[in-house]
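Each structure below is given as structure tokens.
After this come two complexes, each holding chain A, first together with chain B and then together with chain C.
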Partner chain A sequence: MVDVATLAVNSVIISALYALVAIGFTLIFGVGGVLNLSHGATITLGAFAAYYASGGIVEAGVGGAVLAAIVVPALFSAAVYKGLIERIQDQPVMVMILTLVVAIAVEQVFLVAEGTQPKSIPSLLDGTVALGGSKFQTNLLVVFALSWVIIAGLFYTINNTETGKAILATSMTTKGAALVGIESDRVNLYTWVVAGGLAGVAGLFLGSFQTANFAMGRGPLMLSFAIVVIGGIGSVKGSLVGAYVIGTAEVVTGAINTRLTGLVPLLLLILVLLVKPEGLFGRELAE
Partner chain B sequence: MSADATATRGLVGLLDPRRYGIRHQAGVVGLVLLAVAPYLVPTVWVRNLTIALFFAMFAMSWDVVSGYTGQISFGHAFFFAIGGYSSALLNLELGLPPVVTVPVAVVVTVVAGLLVGVPALRLRGPYFSLVTLVAPTILLNVFILFSDTFGGELGLDSPAPILDFDDLAVTLVANYYLAFALFVGILAVLLAVTRSDAGAVFTAIREDEDAVAASGLNPAKFKVFAFALSAAVGGLAGAVFVHTPVGNPNPSQLLALTVSIEVIIAAILGGMGTIVGAAIAGIFLRLFQLYLGTVEYVVPVVDTAVADVDLLLFSLVTLVLLFALPGGIVRWAVHGGGAALDNIRGRDTATDGGRDPPDRDALAAVRESWREDVAAMQARVPGAEPGPDESAGGDRR
Partner chain C sequence: MVNDGKQKTGADSQGKTDAGQGGTRDAIVRRRPLLKAAGAGTGLALTAGCLDSFAGSDGGGRQELDGPLKIGVLAPEPANDPIGASIANGARLAAQQLTENGGVDGYDVEVTVKDTKENPGTGKQKYQEFILDDEVHATTGIFTSEVLLNVLDDIADQGKVHLTTGAATPEASARVHENYDEYKYHFRTGPINAYHLGTNLVDFGEAMFDEMGWEQIAVLVEDYEWTRPVSQALDDQLGDTGVEVVMRERYASGTENFTPIYDEVESTGADAVLTAMAHTGTPAVVQWARQQRGFEFGGIHVPMQLPSYSAATEGACQFGITQNSATPKSEVTEKTVPFANAYQSEFGSAPVYTGYITFDAVKQYAQAVSSAGYVSSDEVVTELEDSSYRGTAGTIEYYGPDHEYAHDVKYGQDTVWPLFQQWQDGSQEVIYPENLATADYASPPWI
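So, the complex of A and B:
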């Protein structure tokens, strides 16, 4: 018999984590029109940065691990944008291929350096907490809380700060934003850095209650597709809702049969693409 | 071999020797070299060449739908896997000989291709690519879900070989010629189709789908035809592949994401929308990759052998090549060479610069149509563009 309360809590927690990944993915697409397929590799990078900072190379404690998991992927993301994507961002096919090749290269680096053996990342907080009759790892609850703090902070930044408004404006219309003096290249760079940081944190969280390995970013990347398509590509609010749809679907089907977990989100993605391609929060085609 | 996307003469024109230009003669020399290759290279390279020929077939199958119609598929491994797995399963479970299972596998692949293609081709640009990117992943998950039948991530046992002899070297050479015959056959069919009137329509769809529709042709019909043809070719190559000693029905050879991506890289490096480019780059890319796997040179500083980091090096080299030659090697050689020859022979240049419209870079055409699609998609996001229906999607996050 499946415990409904455990399922509910698990899906709420994992969904918050997926939202972190998907929001970064959708930000880059919304602002630059770029499908960044190296987003999954950024997650892996975040997890390994945390691993190296928490004993793999240096012993910097949990704080150092969190810092490394944010800074390294953000810098990596900025480097990918500046070095590769900026010059070809109006060529979607090349962008998709190049970001995929970058993803393969990053995976290969970790495969060669660390092998296929999964690495464990220390929990943010140890111990368990009783909630609604079942026990949960404190770590999971911390992940949940931090994810929501970050998401709320992001919403506040986008809606209320100058830079956030510039990001919003560019995603609405690049030309219009340029007319009022917003540099779209700089805004693009901001979104890549933010997305990289978000993915890095997600990698740390994911690694802290599962493990880190070279291919850990693939699953979340595929889920991000499903999430952003369900929510409407480019809509931050949509990807938050989409993350909860997908996260819940994954946890519930996982309880029925673990082999179904990878399948259901992708089938949902295909269904939404065929029935309602603009997604839940996308605008109707004005044709 | 012709790399001429402008030619709409059809098969008869292609067989007319008077039409043979330098590039066609070079193509014939290339084919002859491939035909005698087993007698020129050591046995292990016969094996590698066979793998490369199959990979070139995969790349050509991608080119006919994505290179020509501009519908970029990111999941062509779907076709190779359906072809390979159906043929292997029919052989292993029912004991049917490859002569029967391969044609059945082709039919199965075309049906599966239509099941995915007909609904997916309604979607434009990046959305189509997303669906095709996800399709092989779904198939892999189905294989894992029904591991008892499909062998999960490990794949199936090797099915019965088509050609098998007591001597391993003879078997390898025989299978090389099997692959070579299939390669030439597929090359001929795809060249004939893409140089026909249908091929001209494919190119027109890539350039401007609306214009094709406006001139009274149904773009959907042609796209589905190209997709089905591509599925048939990919399925055929995949099906024969598993019945040779170089191929096995497992996800890493037929279904992995890297398979789909390598196919695209090969076609783009060779020159999208040329078929020949995909074939040439496919052969060389796979040979280069196999060669890297054998290099035992140890890189000093990081202290790892080249063979251990072959995939990493391969991806870095492709990054550089894609960046340097986005138009493709074959197109670059044909045009650069052609222009140079015209100069030497003192031929007149056409007043408009002599550029035939369909010769435009295929990638550039796709880029343009995608830009429109992306803009349309972004416009659909709430609050994306000030318009009369702004209140309808007016939530501002």
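So, the complex of A and C:
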């Protein structure tokens, strides 16, 4: 049986990564009311951008890989919003269809370009560290620390900057925000760019931890659904808590039987939908 | 392919219009139940007879080759996947060499490649296209066991020889054994079937575990159809090697995060994990190396068989071991290295194990057609059963109809005996069997 300290550290690390995976998804839904099914594809794009920048096409080192993993998905996300979603964002079904098409197209592009074999992305930092009698990959600890830095930075930006407050206001009520002079289209674009960048970093982290492949975005998309529903749709704080609930549950069930790990998020999702459909920190959307 | 005048007429008349082709495809699908119904006296005998003429069964008389020898190749993602590409290119190279050397009975050898996409439905559809549109004499390839099992009934219905060169499930040979007349057209040129893959792991263990210091092992097997017989063989025989099995895990298909599994392995104190991995192998070996886990790693690991794998994983596969049919520099037979060199110069990369096997399959089939003097399946089946073909992966002989693994390639030191390679300094070094070894086993430096 695996010792409790190892389980605890694994839970904390993987949950931080899951939070990063889900926050972009919840931001876009919270602000624009858009269910972005291309979120997983953006994660894949981040991982492959890092792969290409770290020797796949050019040798730009770890710094170049991180930069590529942020910039390319952010630009891609902006392009998806401006090119496809902006004009139909009030039609939820069309939005779902279009973002799903984008997701499939991105998968197919990477399937054709890179094949089915997973690609290895360099670690941010090599080696291992001993903590509490157990050994952990330095890369994972860096992923954990950076995830929290990014999440804290996001919270700070949303609560303390003008643009952040505009995003917050738009997420509460589009009409109200418009009345005080906030351009919702511009705020939506910012949100898509930020969400794209976050998804890209999540892709880099996931890829450096597990490897990258054309279909790697599917799991995170499902995970994002579960996390966002558990935390409360549209709540960034809720996503953070939801990520920790799911991450911990996965690690604990994994210690009992690894075959159950994929099932846990879905069971929790169903449970929350039945018992507390608005999620832990959910609220009614103001209109 | 059609073999006599009556059958050809049926195919031609149906093949000219789309509607006709669709009807023919449906006929293939429906033929078996309809034939059974007819046999049961339901009054459908006439219909069944008509369908038989469209389906083009080979049950008719002997037929000599009177044009190019056409072979259909079923490969998974041949443009993107090195395993599929090797199946396709191995067949192409064999056909090219055969044609350059005078062909078969003076006729060229032609191969056509279609993509199964590792999907059973697509595999079935592509097989039917080979039969109906391309009128091939035989087929080869198929990497995924699930695809093979879905195509087996069509192979039986069509009566066309098929030489499998990737899928390892012994379910196929069990069907040949149990219902020989129907399924006799299926042969597995390689690899050895999945039960023998497990047996070969045990044989490797008996010879090497002691020297490698593997006293306690954890068995990690991905949960796919092909690994069930491997698990069975390990359960049956691993205890005889003297090692202690401290953990057995068939982990879920599609697993990407190996942290909980490796934590458990470490908690058992195992010296090594003995693997059977194909689809999930890369995340498994990358996480093992990156996390510098306190156990050694080896067994069957299909991606590690790729000659370009060290570069693809940025060296994460170093010190990993895998079973393999051949490596580009190993002289399994006198034909192995020349084939690998020819493949490299023709296609710009080294072949994967499926390339060696498919090359052997096409050449052996051509030799069987030539020696039989006929291209009709029943004659070729008899010829293949008696054949002993010295190929690139060993001497290819098949178990007879009475054997439980009927028409599977024979496993043994005198026939096909896989080697074990370890990645050392970016190179595939053979560590077993002794006569092919290019290096001694080396433990990872962090152990």
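Here is the rule we go by: the second predicted complex is superposed on the first by the 282 of 287 C-alpha atoms of A that agree within 3 Å, B and C clash if a C-alpha of one lies under 4 Å from a C-alpha of the other, contacts with A are read in each partner's own complex, and residues count from 1 in each chain.
Please note the rule applied: contacts are C-beta pairs under 8 Å (C-beta built on N, C-alpha and C of every residue); 3 or more make two chains touch, one makes a residue touch a chain.
This is a predicted model, so every value here is computed, not measured.
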Partner chain(s) touched by A:Leu67 [first = chain B, second = chain C, both, neither]: neither
Which partner, chain B or chain C, touches more chain A residues: B
Partner chain in contact with A:Val112 - chain B first, chain C second, else both or neither: both
First, second, both or neither for A:Leu75, with chain B first and chain C second: neither
First, second, both or neither for A:Pro122, with chain B first and chain C second: second
Touching partner for A:Leu280 - first (chain B), second (chain C), both, neither: neither
Chain B versus chain C as contact partner of A:Ala8, first or second or both or neither: neither
Touching partner for A:Arg259 - first (chain B), second (chain C), both, neither: both
Chain B and chain C contact sites that coincide on chain A, given as residue numbers: 112, 259, 262
Of all residues in chain A, those that touch chain C in their complex: 1-3, 6-7, 10, 14, 55, 111-112, 114-120, 122-123, 126-128, 135-137, 139, 209-211, 213, 216, 219, 251, 254-255, 258-259, 261-262
Of all residues in chain B, those that touch chain A in their complex: 72, 74, 119-120, 122-123, 125-127, 129-131, 133-134, 137-138, 141-142, 144-145, 147, 257-258, 261, 264-265, 268, 304, 308-309, 311-312, 315-316, 318-319, 322-323, 326, 363, 366-367, 370-371, 374-387, 389, 392-393, 395-397
Complex contact set, residues of chain C against chain A: 77, 79-82, 223, 249, 251-252, 254-257, 259-261, 263-264, 266-267, 282-283, 286-287, 290-292, 294, 303, 306, 312-314, 316
Chain A residues touching chain B - in the complex, by the definition given at the top: 30, 33, 35, 84, 90-94, 96-98, 100-102, 104-105, 108-109, 112, 155, 158-159, 168, 171-173, 218, 222, 225, 229, 232-238, 257, 259-260, 262-263, 266-267, 269-270, 273-274, 277-278, 281-286
